[in-house]
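Okay, so subunit A shows up in both of these, paired with subunit B first and subunit C after.
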Partner chain A sequence: MIFTSYEFIFFLVIVFALYYMAPKKFQWVLLLVASYTFYAYAGVKFLVYILVTTVSTYIFSSRIGKIHEEQDMYLKQNKGELSRQERKEYKEVMKSKRFRLLVICLFINFGILGVIKYTNFVIANVNSLFANLGFTRGLTFVNFAVPLGISFYTFQTMGYVIDIYRGKYKYEKNLFKLALFTSFFPQLIQGPISRFDDLKETMFSEHSFDSSNISFGVHRIIWGYFKKLVIADRLLSGVTTIVGDPATYQGVYVLLGMFFYAIQLYADFTGGIDITIGIGQIFGIRLKENFIRPFFSKSVTEYWRRWHISLGSWFRDYMFYPISVSGPMLKLSKSSRRLLGDGIGKRLPVYISSIIVWFTTGIWHGAAWNFIVWGLLNCLVILVSQELEPLYVRFHNRFDVRANFTFRLFQVVRTFWIMSFIRILDCYRDVGTTFRMYGTIFTKFNFMELFRGGLLEVGLSISDYIVLIPSVLLMLVVSLIGRRTSLRELLAERSQAVRYAAFAAIIFGIIIFGAYGIGYDSSKFIYSQF
Partner chain B sequence: MSKKIITNTIAIIIFVFIFFFLQRLLMPKYMSEIFEGNLIEEYYKSNKDHDVIFLGDCEVFSNISPASLWEEEGITSYIRGSAQQLIWQSYYLLEETLKYEKPQVVVFNVLAMKYNEPQNEAYNRMTLDGMRWSKSKIGAIKASMTEGEHFIEYVFPILRYHSRWSELTGEDFRYMFGKKPLSHNGYLMRADIKPVAKIPEGRPLPDYQFGENSYYYLDKITRLCKDNDIELILIKSPSVYPYWYEEWDKQMIDYAKENDISYINFLEVVDEIGIDYEKDTFDGGLHLNLSGAEKFTKYFGEILTNDFGLQSRKDDPVLASVWNEKLEYYNWMKKDQMAEIAEYGKLISYGAPAQAQ
Partner chain C sequence: MEELLEILEELHPDVDFMSNERLIDDHILDSFDIITLIAEVSDEFDILIPAEEIIPENFNSAKSLYRLIEKLSDED
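For the complex of A and B:
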């Protein structure tokens, strides 16, 4: 049941009606039932996976939480009786107990994710290695059906367990509430990867029918559908035509494919997140923003602070920092400083942590070398930028252009194209093809072909461009407005007639210009595949 | 508060109005091509006093002329048929028709027995979009939907036809809220000629048995007719394509015997009817042209009068007036088509109906 299906819209309307008809104290229970119904719709057998994750998370987080409580109680009761050393030793013992439980929990859940998503990738690489060594027989591939949203709910629940381990907040004692946090249906497909402390307040509280909040939520949902159906799904055939036939579409077409894919992915992913956040809002649940106008970023580092924020912050908080300050890394830092000097010694742990994190980010997106190279290229650009920072400082000291609009525009355009180059790795069938296509940009000068009918030979017709150009411009304008205020708030200040007209225009825009139904390849949300 | 309610109500009314306006605009009009898309809806404008209702696919709406049947025998009739009309669609159309009128005879062309499952979305739409909303239409939609079709797209056809915005023509605006009739009581006239090039030989089939679903709906048609005291006649219309197998014919003979109803395979009496496939078809044998349809109708009309006891109603002045008007339009179109053929060697303004079965 994808967001763009009629079934989902029908399902949402029913859940919404029941939500505000149900006694308030049962509202969250209704959402839990709805979420499991939504999940079961994808396949009842998949419920096993999410149940294992939920129950194991509950058991281990409770156990870890209880050890925290036990420790606090013990230290309180024996406040005056224990020496500082004894307290420290006791804390260490308890910490190691918690750590053991944490590791088991992470092992189980990342294990499930790893086995389901990566077994065939490993087998393919082992077979390839065997073939290179002259073995004729290889391992047999395993046919795993990937449960809906497994990457998202696994990361979300493991983030929760780590927070409990760190004593960031109290563990949830109600299994069913934890089950709702794990399975909340709007965010199950493509995130955002929420934190328990962000969600619990609004997720489990009682909500009255707030027409203004609901109306804002509905606006957000409709805007999300506009981006997804009118822009992303219409551009889909342009992208698939170009990347699906690398023998034909080379040179400037590769750049065109990068441009199309950048817009398609943005409209697809942010559209999906708009729908998710809007649905949260109509239920009175506040979900965190996952994007802050990423295409206005002036550097790749900034881009990653604005794009898929929940994933980036997950890796930062639960992977990058722990690895950077881990015992082995500190030891490495110490010895490298001694052997290689302060400069490299200081950087080495950061570099190694960055490479690990970006490797993992890459493979999180998909079990393929394309994604791994994608992650490592992102890492490379970020590290090179960091290394070049002194040069930039010197440049800016000499030429004070930071506030200059043209220079900022240059930075934005540069970042957009760097990311587009890297991002296209998602699309081509393998890394080799992608790099060959990079090469053709510099060897095949066919720019003018675009204006000699080429634009109409990439799976898009004139009517597609008639829809896409104003729609993308509208998306751009909305983003520009969003720098100061939100369009919804701006509209809220206008007369009712203007608001209704804008609302109706978007709805009719979706109905008429949306790329849905017979004649269009229905496209899943891109991030739902990760 | 009341002001807010009034504003919201007005906004909703305007929204609904625009929605339905756009829906009417975007729906195909079938006025300059694929005329058969109009056949089902034209029935509702008829006077609904018919002695005979014909059910079936293009072998009915191309091969039988109700105007000719009136002229020859004084029998009033209507064809509830459309392109590749499936048997369950015929059943639900009959069910719906019986809410408006009770004919003495229902004639069902059995070619549709070969289709046991939903076939083609485009043909579904041509049959189902034209039906008025009723329990019968809901049943017909549910029985007909192919994979990828959604019920809601029948409720709001704009969801199906939204992408036609880039193909809109003047015709879409002109016929948004009203169309002139194109058929003659469900008969789609074609006066041009394209002879049969070769009488077909049927390719062997792995299985000649008609499907369970087909029989299920044939039983329903039979029962519905019996319950309403209507004579049901099964026919195989004299089109040479698609091939009508002996094995299929035998199943229909057996079915008719078992259920005490009539079955006539007109392919066996082509010479008696006087059909000349060199002159009486407009597409090489799939469909009869006007001349063929008139010959076949005359022959069948005599059977309806002589064997099934239908009486001429030409003495009824009200009916006569209605049908004379129909005949006038029929004869005008006949002349017009002949004139076009004489001038251009082919039909120009009567489109090319889909090569449907």
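For the complex of A and C:
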């Protein structure tokens, strides 16, 4: 039941009506029932996976939380009696107890994700290694059906367990509340990967019918549908035509494919997140923003602070920092500074952590080499720009252009194209083909072909362009306005007639210009496959 | 505090660490800076800063970071 199906809209309307008719204290229970119904619709057998993750998260987080409570109580009761050394030793013992439980929990839940998502990838690589060594027989592939949203809910629950381990907040004592946090249906398919302390306040509280909040939510949902159905789905055929035939579409067409895919993915993913956040809002649940105008970023590092924020911050908080400040890494930092000098010696541990994190970010997106290379290329660009930093500083000291509009525009365009080059690995799905296509950009000079009918030979007709160009411009204008203020606030200040006219225009746009229209199931969200 | 200011100024000589209280919020310190900073602080003050303490509230200003160092030194 994807967001763009009739079934989903029908389902949403029913859940919405019941939500505000039900006694307020049961509102979250209703959302839990709705979420499990939504999940079961994708396949009843998948319920087992999410249930195992939920129950194991509950058991281990409760146990870890209780050890925290026990420790606090003991230290309080024996405040004056324990020496500083005794307190320290006691804390160490309790910490190692918590750590053991955390490791088991991570092993179970990441184990499920790992087995389901990566077994065949490992088998394929082992078989290819065997074949190279001259063996004729290989291992047989296993047929796992990947449960809906497993990468998202696994990361979300593991973030929760680590927070409990760190004592960031109290553990949730109600299994069913934790089950709703894990399975909340709008965010199950493609995130955002929420934090429990961000969600709990609005998710489990009682909500009255707030018409202005609900209408803001509906507006956001409609805007999301517009981006997805009018822009992303219409551009889909342009992208698939170009990347589907690398023998024909080379040189400038590869650049065109990158450009189309950048806009398609942005419209698809942010459109989906708009729908998710909008649905949260109509239920009075505040979900965090997952994007802050990423295509206006002036560097790749900045881009990753603004694109898929919940994933980036997950990796930063639960992987990059813990690895970087771990004992072995600090030891390595000391010895590398001694051996290699302050410059590179200082940066070496950070670089090692970055490579590990980007490798994992790549493989999180999919069990394939193209995603791993995608992650490592991102890492390479970030590390190279880090190394070039002194050069940038000297340049800026000499030519003070940082505030110059043209220079900033150059930085934005440069970042857009660097990311587009890396991102196209998603589409060709093969590292060799992608690099061959990169090569054709520099060897095949066919730029003018685009204007000799080429633009109409990439799966898009004149009518597609007539719809796409103003729609993409509208998306750009909305983003530009969003830098200063919220468009919805601006509209809210206008008369009711203007507001209705604006949203009627968007709805008609979706109905008339939506590439496939609501109910056309083949255009699923790109991120739902991760 | 002086030792800490020295470490910070070596990282970003152009920033006034005595007055700036938005080092993280304004992206003056990025994650690479934070890790370099932690390695140096751990060395200088002989403490361990665990990952759970890497939150904006602790790193937004030199003062807050110094408070964290004092807290961790006390716990040791």
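We take it that the second predicted complex is superposed on the first by the 524 of 530 C-alpha atoms of A that agree within 3 Å, B and C clash if a C-alpha of one lies under 4 Å from a C-alpha of the other, contacts with A are read in each partner's own complex, and residues count from 1 in each chain.
Rule of thumb we're sticking to: a contact is a pair of C-beta atoms (placed from the backbone, for glycine too) under 8 Å apart; a residue touches a chain by one contact, two chains touch by 3 or more.
Just so it is clear, the structure is predicted and the values come from calculations on it, not from any experiment.
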Which superposed partner A:333 touches (first subunit B, second subunit C, both, neither): second
Subunit B versus subunit C as contact partner of A:496, first or second or both or neither: first
Partner chain(s) touched by A:347 [first = subunit B, second = subunit C, both, neither]: second
Which superposed partner A:293 touches (first subunit B, second subunit C, both, neither): neither
First (subunit B), second (subunit C), both or neither touched by A:6: first
First (subunit B), second (subunit C), both or neither touched by A:322: second
First (subunit B), second (subunit C), both or neither touched by A:513: first
Partner with the higher number of touched subunit A residues, subunit C or subunit B: C
Residues of subunit A defined as touching subunit C within the complex: 88, 166-168, 301-302, 305, 316-317, 320-322, 324-325, 327, 330, 333-334, 346-347, 349-350, 353, 386
Sites on subunit A touched by subunit B in the complex: 6, 461, 463, 466, 496, 500, 504, 508, 511-514, 516-520
Touching residues (chain side subunit C, partner subunit A) in the complex: 27, 30-32, 34-36, 38-39, 42-43, 48-52, 54, 75-76
Subunit B - residues contacting subunit A, complex: 7, 11, 14-15, 18-19, 22, 26, 121, 148-150, 152-153, 158-160, 162-163, 165-166
